[in-house]
Structure formats: structure tokens, C-alpha cells
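In the two complexes that follow, chain A is the common piece, with chain B as its partner first and chain C second.
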Partner chain A sequence: MKEAKAYVFVAPAAALAILFSFLPLGKSLAGSFLRISQSGKVLGWAGLGNYVSVLSDPSFLSSIRNTLLFVVLFLPLNTAITLLAASLLRRKGRLTSIPESIFMTPLAFSLSALALIFKEIFRGRVSIANRILGTDMEWLEQPFTAMAVLAVMGVFLDFALDFILLLSAFRNIDRSTIEAAGIDGASAWTIYRRIEIPEIAGMLRITIFMALKDAVLISAPVMVLTEGGPFRSTETVMYYYYLEAFRSGNRAAETTIAVMMVAFSAIIMSLASRRRKDA
Partner chain B sequence: MRRIIRILLLLLLSAIILFPLLYALSASFFTKVDFTAPAARFLPSSPSFRNYALALGNSHFSRYALNSLITASLTAFLRTGVAASAAFAFTHLHFRGQRALLIALLATLFIPSDAMLYENYITTARLGLLDSYPGIVLPSILSASAILMMAGAYNGIDRDVYDAARIDGAGDIRYILTMLIPLTAPVTGAVFIQAFVSSFNSYLWPLLVTTRPSMRTIQIGITMLGFADEGELGAQFASIMLITIPFLLILALSRRLIMNALSGGVHG
Partner chain C sequence: MAKDIRKTHSGVAFQGGNMARKSLLLLLAAVLILPLSAGGSAEADDGTVVIWHSNSGVIGNAFDDIVERFNSTIGAEKGITIEAIYQGSANDVLTKVKAAAAVSTSTLPDIAQLDATAALDMKNSDYLILPSDLGIDTSSIMPSAIESLSSERGLLAIPFNASSLLFYYNKAVFDEAGVNPPRTLDEFAAIAPLVGEKGSDGSVTRYAFSGVPATYELGAFIGAQKGLSYMVDGENGHNGIPRSVLFGKEGTFRNFLVHWKNLYDTGFVSSITSGISTEFAAGRTASMLASSSNLSTVLSTVDGRFEVGTAFVPMTDEEATGGVNIGGGAMFSFSSGDAVKTVLDYLVSEETQLEWAEKTGYMPVNTGLYDDPDYIAFLDDNPLFRVAMEQTEASNPKVTGVWLPSAYQIYYSFQSEIRNVTENGKDIDKAVEDMEAAVQKALDDYAEQNIL
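For the complex of A and B:
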């Protein structure tokens, strides 16, 4: 009787977990080994056939290349700029709350609002971006620059949260070690590199892994900023999944990509948490 | 020297971070012609509130905003409630399979909802919840990290409080509402704010499950107001500013709270 009460309290969470996480995962996993018609009818056993056909689809392979290019452009830029911002403000001063507030403003933007603004900033040859940078480019019309704009927008979406996490990690460092090193004559740079960076390394790893997971799974920003273009050059894996699942009714791609992405992000997340214990 | 470099770097970063916001603000006062000027403009030629009048006068705009407010509030209340209830059971009660259940719930963190998009769409359609508030809200109610945060806070509460409340005849629900939640208000607030903001800003899921204009949320809505097609880009930026300004105000007023809320869920 007493136990029954406990289950009532856990039931809503458990039901939601089953309905929207485990059931769909199970269905994707099972479906990835079956031949399923567009209308959802099971036609027979497929073995590894679905995986083979998806992995040999040139569009899927190019979506992997596009995602990799996005990660390569986005991750170092995001890490460098958030670490720089947090490092510059790690000591609380009289005026630090001003830049702190400024660095938090991207939180106010939603994805679609930001995408519409970016579209205008980089629109055509007479764009404000060209005027500021002194360039003469159609940023969103060329494969590489379109991806670069997408990466910069990704930084705007992740920046504020990563900045806050790193800043609070810096500020939670025990001051006594830093002060002792200062008394011993260590320079500010030495203290930063030898004491502070190792202290925040755990949080830095977490933000990098979180950003990596976001980057690998990116789809909505692609949808609103470039719709995969120009010439499918910004079509990422998850955007390809969206197109195949919802536009083409390609159940083989939908199920196998879902399974592969769950496996992949589980690997990333467990790497992140393993490292956390070492630190 | 070091100080000057630091200040210059901060100024540069601030300028970059603020640019899209300031540009959107400026563009919300542009006239039609300003957008097509041969040299891109920084500032409007003849600022007026015409664009804002257009945005506010759009019959869909207020409906979209209302839908977002409703779904974000629903998500925030339900996520907080579901997480509080589960966290209470895990910290205050003992039951068979407790550990396994907790691990199973935490395992949902490893299943990205983006990869379950299609299957969840089918489930929502089968439940007959397309084009409804529950359909927009339901898949994002459960947050294992919210349960984790709240269980962490509830663990810190002296069990004598619970025993005393029970002797006084208070039921468990009353104990949660009148003791646990007030005693752990910062964590509850953090979960609530996170849920509200992430739901208010969500794009892909509401786009998929709504087809009727009257059910669309503002994030989908601002891309569909049709201003861009009419050449009224200024009105589009005015509507962007109208939904961004409230969040800027909240940020300015509760910066500390939000910083704690966001860094609370992740421990280094």
C-alpha cells in the first residue's frame, strides 16, 4: 500500500518517458531492420539492408560531410569566443556587470528571430555585412560562406549559456590558491594558465561536449536560415533526416538515422560524463 | 597595457554580440526604401512607429503571441509538477525498482528528441493531438535533468520536516506544495524559467504539429506573417523586436537569478 503511493508519484514521469523516448526508440530500432512502406505497413524483414542503402546514398554521405564542416567551423570558434569572454570577466569588478549583461542578451533571441536577422544582415551584395567587412559577396549564395554564416549563427545561439557556465566555473575557484600563488610572485598569466584553466577544465569539457552534441544534431537553424542551400551544401544529417522522414516518406532513412544519431549522441554524452569523473 | 587590451577586447566582443540586436532595432524603424538603398544603411532615414503599428495591427500577431504564452506556461507548470512529484518519490519514499526506475528516467537524457521527431509526430497524430495545445506541449514536459536538479535539492531537506508534517496530518501533496517547493524555491524557479524559455523559443516541433494559423506559436508565426512578401521588412523587424524586448527586460531585471538558474543544472 505504501509502495503503491510511490508509483503514483513517479507514474507521470515514467509514462512520458515511455511514450516519447523509449517507445519511439524501440520503434525506430525495430523499424530499421524492417522494410516499411510509406504508409507505415511492414512489408518484411530487411536485415541490414536499410543501413546499407542509407550509408551508400550519396546525399546522406554529403550530409555527413556538411555536418562535419559545420562542426569544424563552429566548435573551435564557439569555444574560443566563450572562453575569451568568460576569462576577461572572471574577476568581479565594479563595472563587470555591464559586459556580463551584454553577453547575456543573446538569450533573449529565439532561433527564428535570430535567423531572420541574420538573413537580412547577409542578404545580397548590398548587405550590411559587406559594408562593414568591405567585402562584395553573396554570403548565403555560396556553399562555404553560407556554412560560415550558419556557424556564426550557431555561436550566437550557444554563446550566452556557455559563457555563463564558464564564468561561474571561474568564479567558483577557491581564491586561496590564487592568492597564495600571487604572494609567491606568480604572474597573472601564469596563475591563469597553471591554476585557473586546470580548475575550470571540467566545465570547459562539458560545454565543449554539449556544443558538439548540439552541432552534430543541428537541423532547425538550417531550416530557417538556408533550407539546406545553396545546392544542398548546408544540408546537415538531421536536416536530411527531416526531409526524408516528412517530405519523402523514406522510412528506411528515418529509422536508421534515428538509431545512428541516438547511438552517436549517447557516445558523446558518456564521453563527457566519463571525463567529468576523472577531473 | 594589459588593462587596455582587456577593455578593447571587451568592447569588440560587446559590439559583435550586440550587433544583430541593434541592427534589428534600427531596421524596425526602416522605411521600405531603406532596405533597398544602394549602400546598406545602419540607421533609418526617417524613423517612425509605422512598422510597429503594422505589426501590432496584424491580426495574427497577437494570436501567435498568445499561443506561445499559453504553451510555454503549460510546459513550465507541467514540467515543474511532474519533476517535483518524481523527485519527491525518489528522495522521500522507498519502493521496489526505485534505482532501476531512476536510471531509466535518466537514460532519456541520452535519447535526443530531434532524432525521435518523426516517431513522436506519429504518436501525437494517433492520439489526435495535432493542432492542439497538448500536442505542442506533451513531448517536452519530461526533463530528466529537472528531476535530477530537484531531487538534489530535496535530498538536502531534513527528513524531520516530512515526519513532522505527516504527524500533523498533512498529505504528501500538501507537503510538496507547502514545504518542499517553498524550501527549494531557487531550484524550482530555475526549472520553471528554463522550461518556459525553451518552450517559448522552440521552433521545429510546433511547426510540425500545427497547421491551422490559429494554433501557430509566435516563433513559427514571425516567419509567416507575410510582411516580407509585401515588402514590409520593417514590420517584420518590428514584430521581432516586440517579442524580443520582453525577454530583454526579464534578463535585465533578473540577471543573477537567470545566471544561477542556467548554471544550476550543470556541475563541473
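For the complex of A and C:
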């Protein structure tokens, strides 16, 4: 009886998941082995042909490299900055609410508006960024700097949520352990390193995996900020997917990349949850 | 500890629990009802003609004026209202049209303004209504604009905003250097050091040219070679589905790269791919290539700081006499009926095209205007607008834009390969080979997926 009640509660979420996630996934999986025309007609069996076609496309392979570069730039930067900010503000003081609310404001920005602002800041040689930094760079015209700008923007987008999660983790640590350690003569640094960090490690892991997921799936900021440029150097896997699936109507790329990315995300998430169980 | 976190979370999520839940339900209901109400509203029967367009800025205002005039005059008489919806760039409009068509053809607009990148998809779609099916008289429309949209199915759409590639230059700089705009790329290479400028530390303070050619520019740089050259077979994909790449084996891309590298090697070419107009207006580049339809925007950005000149696009070599192709956009229709026909007739009428051309820089597509005193007077007052018209008249009408699958991707591939040659020292033959392979792969994939 109790179990039946549980199923009733789960039903709406399960229905949505089946309707919007699992059915389309099944359709994509089946479609990835078929030849399908732009108008959706099934023309025949493709076997592994679609996968071979996508995996042998040099621009798909370079989109993987671009995505990896983004992850390498973004993930450590994002983790370091959010952890630093949350660490500095972990003790509630009279004035901490001011930086706290400042750090939370990125949540209020829409992604595309933010991307347009970044685009304006870094546009051309006469850009605002050059004026402020005293540099003479064409930020969005060089492959590496364009990717770096993208990573900084990624931090801006993820910062607020990660900050809130880490901050709440810090503030929920049982004070008695810290106080006891303090009485025993532990320095602030030792307390931070030996007690607080291990206490928030679970949450830190969650934010890292969330950031990793965001980084691997990044496409919308690319779409607005760089459009994959310059010279396709910021074309990430998901942006490549978007271009091929939606702009070019390439069903082979659409189905196979969807399947591969879901498989990849599933692996990451299962790693994340296994880690959580360990903790 | 875990319990505490949960408490914090639920505290945030369900603040004012009842209200939040109610509005969530409302939102859910709205989401469910939305598709139902959207379906069917695209029918032209109720007297509303929905147009998805891509006109923004100065051009967007001009388009709004034209729509408003229709709604208050002809539309009011006949009970037809144009509902113009801006959907982003021409590429975005195409993406949305295809997405709408994939859901249900009833979610399509009545008319969509699309550019050449859409032609291949539209040609092979079963939801496109041809101008001939609508019974539209196209005898007074510019022949090269008709040619640019003709396929084996016939004319695909009604040309509306015709433009071509145009060479923009800083006339003050060119005059000071005592040079004319270049006729060929070699001539350009010869004068580049004269119109460019270096600071005392040797860094370039003004480039002779900024930009990296892509599909659009190559339509002229390759298309004009030997009087007429196609990039792919089937007359650039206009006649049948293209199956093989021609710019490789005919040597046209190679020829272009040789001359382009020669120009680049002067050291006065900047390989930027965005914000070029801004650099031009700031006087940091002496020339650029852009659509003729940008003219009014360029003039308003430069804002009289220096005199702007327009000229024919430089030829790849002396034999590249084909000129430029007509680009820009056209009105593709997805529903039939008199209301749609009335709107399309209005959009290409002399009066509308005159207003449109004067406010934007697009070339009027109605040939009736070419001896119209108002239009001639306008050209006399604004000689810069005349150059594009003259260039088109001097061009081979068979030089047309290329219709390719994966057009957006190929656009960027061209830029990458050109930059590989100019900046990274890539061998020209290798670049041609790689580019040919990339386009051939797109053609093969398309054929594999769309031909039985």
C-alpha cells in the first residue's frame, strides 16, 4: 500500500522523463542506425555508417579538442574562484551580506544578455577590455584568447550557484568540532584545511561535477559570443551538434552525437554518484 | 549535516509555498495549451499574413514602414493585415522555418524572408509554395535576381532584397595616396602599402584590407573566373542536387589563394572575421568587402568622419570577368491564397521597392524603376548607391550563389583554410585538397541522406 502511494508520487516525474527524455533517446538511438532524410523519411539501414561518418569528420574531431580545451581552462578556474569566494565569506559577519549579494547577482542575468555584454566588452581593437586593461588585443579574433574569454564567461555563469552551494555547506558545518579544535590550539589554517574542507568535500565534488557537465555541454554562450569563431576554434561538440542538426538538417550527426553525448554524460554522472556513496 | 542542507534548500524553494505551486501549475497549463493555439494560426485565410523576417537596425525600420503602409492602405481595403515577426539573422529564420516544418507545416509562417543558404533546403522541401503556383507575375523583376533563385523546380521565391558584394573604401585615404580602388587583387597588392600605414614601432596602424573571404566573397572571387565558374556541379546546385566539387579540379580556388596570399603577404591585411565595419568606421582599415545592403548602415556609422567610396569588387585575375552574383534575400511562401499573393505583389511593386532601396541600399528588384525619374534622381544625389547597380549590370547573370548543404559550416571552413594558407604557411595545394574534401563530404552526406 505504502509502495503504491510512492509510485503515485513518482508518476508525474516519471511520465515527463519518459516522454521528454527516454522516448526521444530511444528514437535517436534507433535513428542513429538508419538513413533518414531531412523531412524525416526513413530511406534505409545505415549500420554503423552514421557513426563512421561523424567520427571521420575532421571538424567533429576538432570540436572535441575545443571542448577539452574549454574544460581544462574553465574547470580549475571555476573551482578555484568559487571556493575562494565561499571560503572568504564562510563566517557570517556584519558586512558579509554585501559581497554575498554581489556574488549572487549573476543569477539574475539572462545568459544571452550576458553573452552580448561580453561580446561588446571584447569587440575589436577599440574594445572596452583593451581600454581598461591597457592592452591592444583582438580578444575574439585569436583562437586562444577567444576560448579564454569564453571560459571567463562560463565562470561568471556558474559562479553564483556554486558559490551559494559551497557557502551553505561551509555554514552548515557543526561548530562544536571547530570550537573544540580551536580550544586545542589549532590554527585557523589547520581548521580550514583539516576540518572545514573535508566537511564540504561532498558539496565541492557536486559543484565540480556540475561544472564539468556544464563545460562538456557548453553551446549557448558559444552561439552568442563567438559563433564558433574565430576559424571554428571555439566550435564545441554541442555547438557542432546544433549546427549540423538544426542548421544543416544532418540527421546522421543529429542522432549519433545525441547518443554519444548521453552515453558520455551517463558515465560522468554514474562516476559522480559512486563517489558520493563513497563519501 | 545532510539534513541541515536539505532544510536550507526546502526553505528557499518553497517560500510562499502555495503561491509558488499555483503559479507553477498555471505555467504548466500555459505550456500545454501553447502549441494548441499556435497551430492553425499560420493560415492566411483569416486575413493575417505572417512574415518571418531578418531585417534589423536601419533596415528593420524601413521594413516596418513598408508593412505599416500596407496595413493602412491596400491591406485595410482588402481586409489583409501583415504581421511581421523579426526572427533574427537570415540563418536564424531558416533554422526556425526548418524546426517549425519538422513539427507540423501548420506552424510555418505564410511567408519567410530567407537567403541563398536556404535555397537547397527549400528546393527539396514539400511545403514550399512556388511563385508560379501563386500565379505571381514576375516579368518586371530583375533578371539576375530571378536567375539567382531559379532551380530545376522553377523560380523558388520572390526576390525582395537584392544585394551584391561591394568594395568599400576610405576615399580620403585613397585620395591622399593618389590611388584608385584596385581592379584586380594584384593591383590591390601593389597599392596596399600605400593605403596602409605603419607606426614608428613597425606595427600596422591602418590595414589596407580587413576580413577573410568566405562562401559569399568566393561567389565572386571564384564565380567570376574565366567569365563563369561554378563551385559545384549542377550549376552551383541550382540544377539538381550537387554531387561533386568543381573548384578543386578546375583550379579556381587555387588561383584565388595564390593571388590572395600575394595580397596578404604585403603585411597590410588583417584576418579578422567580426566587427569589420567598426574597424572601417574607426579608420583602422582602408577598405573592406561587404554586402551593398550595408551601405546605409556604413554611412551612418562613419557619420561623415571621412568620405566613403564604393567600387567594383577586385577581380581575382585579368580573366575573372564574370562579376558578382546577386545575393540578399527573397520571400519564400508556405501558404497559398490571394492574401499571400497580394502581399508579395505589394512587396515587389515599384513604389515599395523605391522606398526600400532609398532607405537601405538594397538594389530595387523591379525593373520598372530603372527609368523612373524619382529613382534616377535618388541615384544622382547618392552616387554611392549607383555602383552596385552598375556592377550587377556589368556582371554575367549566370554567375550565381552556390547552394550547398551544411552551408554554415562550409562558410567557416573556407575562412579556416584561407587563414591556414596566409598565416600558418599551409601549402596551397594541400589547402585546396582539404577544402575540396570538406565540401565533398557535405555533398556525399547530403546525398546519402536525401537520395534513395
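To be clear about the criterion, the second predicted complex is superposed on the first by the 264 of 279 C-alpha atoms of A that agree within 3 Å, B and C clash if a C-alpha of one lies under 4 Å from a C-alpha of the other, contacts with A are read in each partner's own complex, and residues count from 1 in each chain.
In this text, a residue touches a chain if its C-beta (ideal position, glycine included) is under 8 Å from a C-beta of that chain, and two chains touch if they have at least 3 such contacts.
This one's a predicted model, so the numbers in the text were calculated from it and none came from an experiment.
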Which of chain B and chain C A:V126 touches, first, second, both or neither
both
If we overlay the two complexes on their shared chain A, which of chain B and chain C does A:L68 touch? Say first, second, both or neither.
neither
In this superposition, the partner of chain A with more touched residues, chain B or chain C, is B
Tell me the contact category for A:F246 with respect to chain B and chain C: first, second, both or neither.
both
Per the contact definition in the header, classify A:L43: touching chain B only (first), chain C only (second), both, or neither.
second
Touched partner set for A:I195, first chain B, second chain C, both or neither:
neither
Which partner chains sit in contact with A:S28 here, chain B, chain C, both or neither? Use first/second/both/neither.
first
With the two structures laid over each other on chain A, which partner does A:L161 touch: chain B (first), chain C (second), both, or neither?
first
Would you sort A:P230 into first (chain B), second (chain C), both or neither based on which partner it touches?
second
Touching partner for A:A108 - first (chain B), second (chain C), both, neither
first
Would you mind listing the overlap between the chain B footprint and the chain C footprint on chain A?
40, 126, 168-169, 172, 203, 246
Show which residues of chain A lie in contact with chain C when the two form their complex.
35-40, 43, 49, 53, 57-59, 123-126, 138, 140-141, 168-169, 172-174, 199, 203, 228-232, 235, 243-244, 246-252
Which residues of chain A touch chain B in their complex?
2-3, 5-7, 9-10, 12-14, 16-17, 19-25, 27-28, 40, 81, 84-85, 88-89, 97, 99-114, 116-118, 120-121, 126-128, 130-131, 156, 159, 161, 164-165, 167-169, 172, 188, 200, 202-203, 206, 213, 217, 219-220, 223-224, 238, 241-242, 245-246, 254, 257-258, 261-262, 265-266, 269-270, 276, 279
What does chain B use to touch chain A in their complex?
2, 6, 9-10, 13-14, 17-21, 23-24, 27, 35-42, 81-83, 85-86, 88-90, 93-96, 98, 101, 104-105, 107-123, 138-139, 141-142, 144, 147, 172, 197, 200-201, 203-204, 208, 219-220, 222-223, 233, 236-237, 240, 243-244, 247-248, 251-252, 255, 258-259, 262-263, 266, 268
Tell me, which parts of chain C touch chain A in their complex?
1, 4-5, 8, 91, 94-95, 98-99, 102, 121, 124-126, 271-275, 278-279, 282, 284, 405-409, 412-413, 415-416, 419, 434, 438, 441-442, 445-446, 448-450, 452
